[in-house]
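The chains carry the letters A, B and C, assigned in the order they are written, with residues numbered from 1 in each.
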Amino acid sequence: MSLSPDDLDAIWLTLRLATTVTLLLLILATPIAWWLAKTDSWLKVPIGALVALPLVLPPTVLGFYLLVLMGPNGSIGEFTKALGLGTLPFTFSGLVIASMIYSLPFVVQPIQNAIQSIGDRPIEVAATLGAGPVDRFFSVVLPLAKPGFVTATILGFAHTVGEFGIVLMIGGSIPKETRVVSIQIYDHVEALQYGNAHFLAAIMLGFSFIVLLGLYGFQRKRSGEGLHYGR
Amino acid sequence: MKLYSILFASILGIFVSFTTLAESAHLAVAANFRQCMLALVTELEKESNHRYVLSFGSSGKFYGQILHGAPFDMFFSADVAKPIAVSEAGLGVSKSRFTYAIGRLALLSSAKKSALALEQTLITGAFNKVSIANPKFAPYGIASLEVLDHLKRLEESKSKWVLGENIAQAYQFVDSGNADLGFVALSQVMLEQKYAGSFWLIPDSWHLPIQQQAIILNKAKNNPAALALINFIHSNKGKNILTSYGYLIAENNSV
Amino acid sequence: MVDEPSDIEQQIINARFQLMLTNKINGSFALDVEFSVPSEGVTAIFGESGSGKTTLLRCIAGLQKSNPAFLSFNGEVWQDRAIFKATHRRSIGYVFQEPSLFEHLTVMGNLSYAIKRASNKLNNTFYSQVIDVMGINDLLGQGTNQLSGGEKQRVAIARALLLQPKLLLMDEPLASLDVKRKLEILPYLEKLRASFGIPVFYVTHSVDEIMRLADRVIILEAGKLVNQGNVSELFSNINFPVQSRDDIGIVLDCNILEVDEQWQLMKVAFNGGQLWLPKRRDELSNSQCRLRILASDISVTLEAQRDTSILNQLPAEVIETVPEETWATTLLKVKTGDTILLARITNKSLSQLALSSGKKVWIQVKSAAIIR
């Protein structure tokens, strides 16, 4: 059994989606994680809960809301139309945004934990050594929180690769646009093409195992603490 | 063939009426047949002591589950191929396989339009997206492509397809406003009395009949509840219910 | 360039901080402090734990927001109603209580961190001097986790110095170290004081460290400034709250006049007389030293003694007598020249010699410790 061109398209699309989502999430999640780690505001709890929501919400629920909200009659849809971007369902951009929402806690929480475990002291030390806020972030926070950023990157990437429910709801199974590996597997199964499904599923299984193996290995080397992406 | 099947059911039915035992049957039912099956079973349960447990979902998934020993008594598929496959795998009573309904296709629009206008929209391509149940496995999807082919719009509409994993999702894409048009089952739109948009019943001759077949699984070979249900579907009362939910009655009840 | 008089007048640090900290565990703490000190030498900030020493230091560094607040350094306003210079814009070095090296950098990396961000380009002589004075040349290539607590603190001090700050802030730099390590670092701090003409605020609750390092002291109690002055003035104040009975004594800053190599003695002058002392290290004439004379090491006579082994006799006048209630003793405050000394005598002697304020006496200094 070998991979069909459709399967290869799905794999390539999935990698492209996961990479895009992970990079954008690192940029978006870092300030959120920073704020959550540092603030004393009463908003910390509700915002933290909001960020963690995708952890407990069934992806289909999230997908359904996004389908409605990003549709032409939804608030997000009206906004994107006003910007001249059209509507987001059935597009790669739509998947990127949906996946970012879905994978947000997996990226925010490791970074938040890492920043919390650094504490204020190294940042204060850097300030007394003449480092401004941006300088402090890159010269102290980033290197000290590196394990958290690595964990966040791996989890964000792997979680996006493994995502199914949301893509099912808003994707429309369009080749090279929204038909990612998990959807392709589902389609194979529905079409009773169990052989193809097995083959792709085995690839996913192997990929996920290797990713987690790498993550555990990395964390063991760093601290021997094991996996801790939640709180 | 038809005669044989009815005879088979009747004999068992007589046997059942003698015992007068209340039996139950667990049915795996294709999602598109949900409302209709509920109506059938509700009516039947009034008339008999039989009880029915219903599971709804995609035919493909049920097939996979039956293959791996799921404890269903009957399988109401959305197509013909899967009950045949069940039968060939030796998991079903091959003689019990029959077409319980023929699905009808409708074109749904989120906008209020006349049937003629909907047909024109589809032909002229004046729409953003058209949602279709995935033709790779969904019978309504296959029929949808046949309709597009009939209209000579198969290739040029391809870039506007968004595929639902079933007709329920094809419906949802239109309902949420994300697709202007969608191929759905008539049974779905007939339920939505208050629907703000509009639909057009596509002529049945534009696509091959969407035959939905059922089969009794080995476990229920002698289950009176299953036989009672088959008999009920063939009764006038049952046929009326099927028609009212947007299905056609198979002229020839078995294949 | 000629210094204008106003520049000289401005060699001063003015500070006023008021703040209220509320903490779920400790309740609330209020700091309300105002002081003005010359920007030279070592100013110790002294007080018990919880008195607000560290908070005050953090205010000076800009690590702790305080409102209202005022802070000026040599005429340059760092903080007032409208201005708040962020920590990284204040020309300070800060040494934290626990050694706070960056774990992700080597010793050299930690030093480079400061060098790169220093206000002035690094001068090689200065660099060598810092490395030398702190004695960390052998540590440069090591990772921070290979160092002992004392070594880490020396690197942290060197790092703060290499920033070439105008003001050095040290928060109990010895507090996290055991006695052995403290003794190991103190000489480096004394050298630091002697080698770099940089004003230092030094938070401590150790009298010993004050005597060895400080020129002046600010004393805090429950967030309020309760006393302030030169070290010698403070120690001659009997009410100086920090001394246990056995430790009561004064501190004298002296000039070494001459060194007698034959008898291994040296002659020092203070503001009120001269003393002969055993030479301890390689003291040089014309240099400074600080003496510690305990009250129990001074005795009093009415006449000058001739046949005595005691080298140092000075005329003095009794200023005050303070009975020590639970003991059969009295502390005498005596004045010689401009300097006040403390002597402890028994109540019996007090009565026999009929000592009271205004009485002219001779004091005999039995021993004096050179503490600096």
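In this section, a residue touches a chain if its C-beta (ideal position, glycine included) is under 8 Å from a C-beta of that chain, and two chains touch if they have at least 3 such contacts.
Treat the numbers as computed from the prediction; the structure is a model and nothing was measured.
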item	value
Most widely separated chain from chain C, with each centre as the mean of CA atoms	B
Per-chain CA centroid nearest to the all-protein CA mean	A
Distance from the mean Cα position of chain C to that of chain B, given in whole angstrom	92
Distance from the mean Cα position of chain B to that of chain A, given in whole angstrom	38
Computed distance of Cα centres, chain C from chain A, in Å	56
Residues on chain A engaged by chain B in the complex (per definition of touch)	64, 67-68, 70-74, 77, 87, 89-90, 168-169, 172-174, 186-187, 189-192, 194
Contacting residues of chain A [partner chain C, same complex]	121-122, 124-132, 135-136, 139-140, 143-144, 146
Touching residues (chain side chain C, partner chain A) in the complex	61-63, 86-88, 92-94, 96, 100, 102-104, 113-114, 117-119, 159-160, 163, 169
Partner chain A, residues of chain B touching it in the complex	58, 60-61, 63-64, 81-82, 85, 129, 131, 134, 136-138, 161-165, 169, 172-173, 176-179
